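As written, the chains take the letters A, B, C and D, and residue 1 is the first residue of each chain.
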Amino acid sequence: MSSTYGKILKIATFGESHGVGIGVVLEGCPAGIDFDEAFIQSELDRRKPGQSRITTQRKEADEFEVMSGIFEGKTTGTPIALIIRNQDQRSKDYSHIATQYRPSHADYTYQAKYGTRDYRGGGRSSARETAARVAAGAVAKMILKKVGVQVQAYVSQVGKMKLEKDYQQLQLENAEANAVRWPEPETAQGVFDYIDQVRKEGDSIGGVVSCIITGSPVGLGEPVFDKLHAELGKAMLSINAVKGFEYGSGFAGVEMRGSEHNDAFFTDENGKVHTRTNHSGGVQGGISNGEDIYFRVAFKPVATIMQNQESLNEAGETVTVQGKGRHDPCVVPRAVPIVEAMAALVMADFYLRHQASRV
Amino acid sequence: MSSTYGKILKIATFGESHGVGIGVVLEGCPAGIDFDEAFIQSELDRRKPGQSRITTQRKEADEFEVMSGIFEGKTTGTPIALIIRNQDQRSKDYSHIATQYRPSHADYTYQAKYGTRDYRGGGRSSARETAARVAAGAVAKMILKKVGVQVQAYVSQVGKMKLEKDYQQLQLENAEANAVRWPEPETAQGVFDYIDQVRKEGDSIGGVVSCIITGSPVGLGEPVFDKLHAELGKAMLSINAVKGFEYGSGFAGVEMRGSEHNDAFFTDENGKVHTRTNHSGGVQGGISNGEDIYFRVAFKPVATIMQNQESLNEAGETVTVQGKGRHDPCVVPRAVPIVEAMAALVMADFYLRHQASRV
Amino acid sequence: MSSTYGKILKIATFGESHGVGIGVVLEGCPAGIDFDEAFIQSELDRRKPGQSRITTQRKEADEFEVMSGIFEGKTTGTPIALIIRNQDQRSKDYSHIATQYRPSHADYTYQAKYGTRDYRGGGRSSARETAARVAAGAVAKMILKKVGVQVQAYVSQVGKMKLEKDYQQLQLENAEANAVRWPEPETAQGVFDYIDQVRKEGDSIGGVVSCIITGSPVGLGEPVFDKLHAELGKAMLSINAVKGFEYGSGFAGVEMRGSEHNDAFFTDENGKVHTRTNHSGGVQGGISNGEDIYFRVAFKPVATIMQNQESLNEAGETVTVQGKGRHDPCVVPRAVPIVEAMAALVMADFYLRHQASRV
Amino acid sequence: MSSTYGKILKIATFGESHGVGIGVVLEGCPAGIDFDEAFIQSELDRRKPGQSRITTQRKEADEFEVMSGIFEGKTTGTPIALIIRNQDQRSKDYSHIATQYRPSHADYTYQAKYGTRDYRGGGRSSARETAARVAAGAVAKMILKKVGVQVQAYVSQVGKMKLEKDYQQLQLENAEANAVRWPEPETAQGVFDYIDQVRKEGDSIGGVVSCIITGSPVGLGEPVFDKLHAELGKAMLSINAVKGFEYGSGFAGVEMRGSEHNDAFFTDENGKVHTRTNHSGGVQGGISNGEDIYFRVAFKPVATIMQNQESLNEAGETVTVQGKGRHDPCVVPRAVPIVEAMAALVMADFYLRHQASRV
């Protein structure tokens, strides 16, 4: 199983939902970066379970230990290993599905591919793995901070409830003020109540996370296959439950004319090149053009629901999968820091790669 | 500039729109595959310009030469190099934009990243590069044919005109019977006429290509980062003009409940595992589950239009980019074989990788 | 800093000599391999310090913890993370060299490359990192065991003292019966005494480790750049203190005629192809031919000596580096399991890659 | 078959000895490098056959065509494709060995691994492939020239005839003045005569190529696995007929004491750090230290000889392989530019990678 990502700034994650723990090794981080452990913890806290009654009630402090790569408070350029031990495992909760294939989970495909699987909480296929990504992404954010790049995500849709405003019309920092991570204060409670209602019905619902990257220098991205948006897309699609990705005008751009879609260039008072519109989403020809990079990520409703479902066991017999355990009725509030983490890793990797493109 | 793609079955493409030619080196192709040159040519013919009045009138036969990797009609396991010489270059057509940045093209970002660019027809950023992908994809299809996997794409949307039927309700082979590659005969002419109208207005329009992969064995894809759909997504997003990717339920899945979205397992009369619905799009946990794999790819309207546009030159001065030259008013008809080629390369690569996952 | 190795079976190591600990994440291990923890520990014990008075007296139990990848005693195909905590660090032993560059160590080059370094015991450049390789190599050996491949190394030279016999004339298991790992019982004590004498003089001495791989199937290795012996060479040269690598006839082959060097083919009574001689070292055209693979690895004398040496500090001033601390007077006895580990990782990776070369 | 090499500056070679031609795609070359076609040709001329009576008499002009990557005399940052057509193929010369396994060639292993092979002149396993490396290496030298790094190789041993002087005592440019590439004028003719005598006897002989890299900045190389010397070693071992690699003190260093081997640091009049001796070979801890990098590469006697040899055919029957065709009695004179090319590619790649290690 391939679990590495990145080319220069590269991560290798490991760990199962109900094993000893999870972690990540991050290589290629430049030396001399101020290593902010409290920031990593705060990022993990944004992702961790039990934040409100609309997230899973599993209790994980998600405290991490730094195994390597830091000396006297700074990165040394050597691999940074971070580990997080699992605490609230309750593996016995899963004995009833040891030989069952939960619908729309990875039970069947893992069993078919590997001939075995760790059935406890989904094992490696659990979204618990993403805590390791968030920890690594926090380090990527430290690198980006040094070069003036910011990554900020928020929930822009839950079920049929959509944020009508563009990101420019919102105060994105408001997203962190509520459990949904919804940046519009006046509608946030309604969305929360909707998710809570879905939860009470033992069901789940999908959503969309939007992400904005500001301050990117011109020139990041590597045509032709490693286009900036292609790599961002892969990074997002590698997150559990993601079904779609679009950037700039996205699927809506399909309905536009070229004369309407093209972004006219102009220079600002400082002679800096800009575009009057930004349907390109900050990327042209796979390379950042200095405008805001923005994209949207579609998440399906979580497969774990509190309802009985028809399925199969390993013997191919029809069984009823019982709805019990702990789960998120809607994954997007906790997905926000994961989206940011993956975006930060992609951006920091391309920043470093870009440095290798000139002599 | 990174121009390689794939892990075991790997391609390296090269070439500029108005240089000597383009080509591809494909490594990792198993030995003993029947090498069907006529098939490669037929795939290139599906992509080549000048197919009808709704595609660019550039004249390129796109005939290829096999430089290596084949002996006595079969692959030998060594790298296969294919080259295609450019014929109808008309580089002087581009002298008027030698120092201009065409809106929503890659002129500005290439110049900023590399400090130079081959401005003739977009140089490396031209979609001409995709002919090399189609040639390589044809070889990937030969590999897949041997193991029973088929890849078929078609146009499912142009502007606001959408195909209302699902792929199961259509005869997909009908797509190749018209210049739009629209699989519904009764509406195809209307879409053609619409694109032709856009062309006459000197404008362009976006579209969607849908793709279906049938016959996939269970087990392809590599969690956690190289999930099957994540790699398909990157491959599609690396194609010129693509703005979005979704698979299975996609963005529409966001609005569904888990109880509705989950795909129930059952066994057919042969004991083979199937799902009653396929919102998963044939992929669960990043691994193929044996059901049809399907996805949609959003293309923006082509940036080249026959209208004058405001822009900048390299000196930062405001200029008018003149609308002249040859272009496609809508890219999706010719994008169909490109989507198939990239999908075939991803599937064949994962097929080979899967063989390396067991001992 | 790049710390990953391998293509399908891939390792990422981390950790510093006097940090929290070291470890490794191994991805691409097939599922279903019996996971033998006692064997891993026994391999670590072969490398650990303090084995005899001719090895460093640092006290490290080198006990490891399995963080992931194992379920019910078998590998699951997911990444296997192993961590080893440092115990006997004595960082203050290194305060005297905090700003000094020890001759022929990596102090100066790390400082120059990264602008900083963890000076405690050499930090990341310490051979302590190789414990992580040995742990990963033990897993690779488990894979190879399943397919009948064995890797065995031994010390064949210390200073000017050379083993005169070929490996075929020796009982290689005798190597593990003495502290030098010298497979000739009648001369082993003499070599031990020589190393001990060097130690008493506060000096160090070089040596050679020879390695034999038996049972390899025909066909491993990937021309043209990833030739089997090229990858073995890189793997060996990546071990601390290695200065040279040769396989088969090696440097001695330079003096031979082709008529003498060529290995004639014949078939044995079972129809299996063999060669009458094996100057090829079991590899032809970069691919294993089924004969024994053998190679030799040259190690320089350890740079740490118990003598005062002239050097520079970070300010560029002349200083005297004092000879104190703990060290190995000769690195090769402890290098034997490291050589085996890297060879096992290369062989197992190529075994898996080979499976991906046919369809 | 994997035929790519490098991480940032990456090459993909292709082609068979008696196919249409050979070539290389080089990606990651920075933009703005003066592209000197005459220099590439002069490098190819150093490697091409037919230079004197001690090289094979095959007639190949080795003229190349630039397919892409260059605009107005400079590199553009896009992939550079170079192709060389085969001319003097005489495939029928090989019909007698179509089903035979030539001793110590790659016939048997290719057949076993791939189930087929192009038997004409060894197909892909032929050293003809190295012409593509030399062409790519010439581009790497152009990059290195811009940053002040030089790579120079020469023949230092043929059979038992060894150059007694160190490289510092020689005028290395003298090597190019004779057909052996032997830098000591007074002994060059004797070595030439010896090789010619071996040729007349229908036999072949091995040799050693030494290589010196001057002007390297401090800091190139990537611990822990991609150490500078480890990558140089792999690059050299990937060249046809290479059996060994050593750098700095190499195998001779095994016999030295640490007190003798350690290189004392000092600063020169400009405050630049140097070492008094250079047993380290310019590399410490896997990173260049600014001193000359030097290494030696052992080549076996060429397997093709003009004598009849016992062998097997594909059916496993004993056959006599006849000694006829064209061959080099000693490979090292033509190997000199190949060694330089691979060394230049490694150095340029690490130069670019180093730029990505700081922010």
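Criterion: a contact is a pair of C-beta atoms (placed from the backbone, for glycine too) under 8 Å apart; a residue touches a chain by one contact, two chains touch by 3 or more.
If you want to know which protein each chain is, UniProt gives these names: A, B, C, D = Chorismate synthase.
These figures come from a predicted structure and were not determined experimentally.
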item: B-D compared against C-D, more contacting pairs; value: C-D
item: Chain whose average C-alpha position is farthest from subunit B's own; value: C
item: Subunit C-subunit D separation of Cα centroids, rounded to whole Å; value: 26
item: Separation of subunit B from subunit C, taking each centre as the mean of its C-alpha atoms, in whole Å; value: 46
item: CA centroid of subunit B to CA centroid of subunit D, Å; value: 39
item: Touching two or more other chains - residue numbers and ranges from subunit D; value: 1-4, 13, 28, 31-32, 77, 113-115, 124, 353, 357-358
item: Subunit A - residues contacting subunit C, complex; value: 1-4, 10, 12-16, 19-23, 25, 27-28, 31-32, 65-69, 71, 74, 76-81, 83, 113-118, 123-124
item: Touching residues (chain side subunit C, partner subunit D) in the complex; value: 1-5, 13, 101, 103-106, 108-110, 112-115, 124-125, 129, 157, 159-160, 198, 203-208, 218-219, 221-227, 229-231, 233-235, 237-238, 243-251, 253-267, 271, 273, 275, 279-281, 284-289, 298-305, 307, 309-312, 316, 318, 353-354, 357-358
item: Subunit B partner contacts - residues on subunit C that touch it in the complex; value: 7-8, 28, 30-33, 77, 143, 146-147, 351-353, 355-359
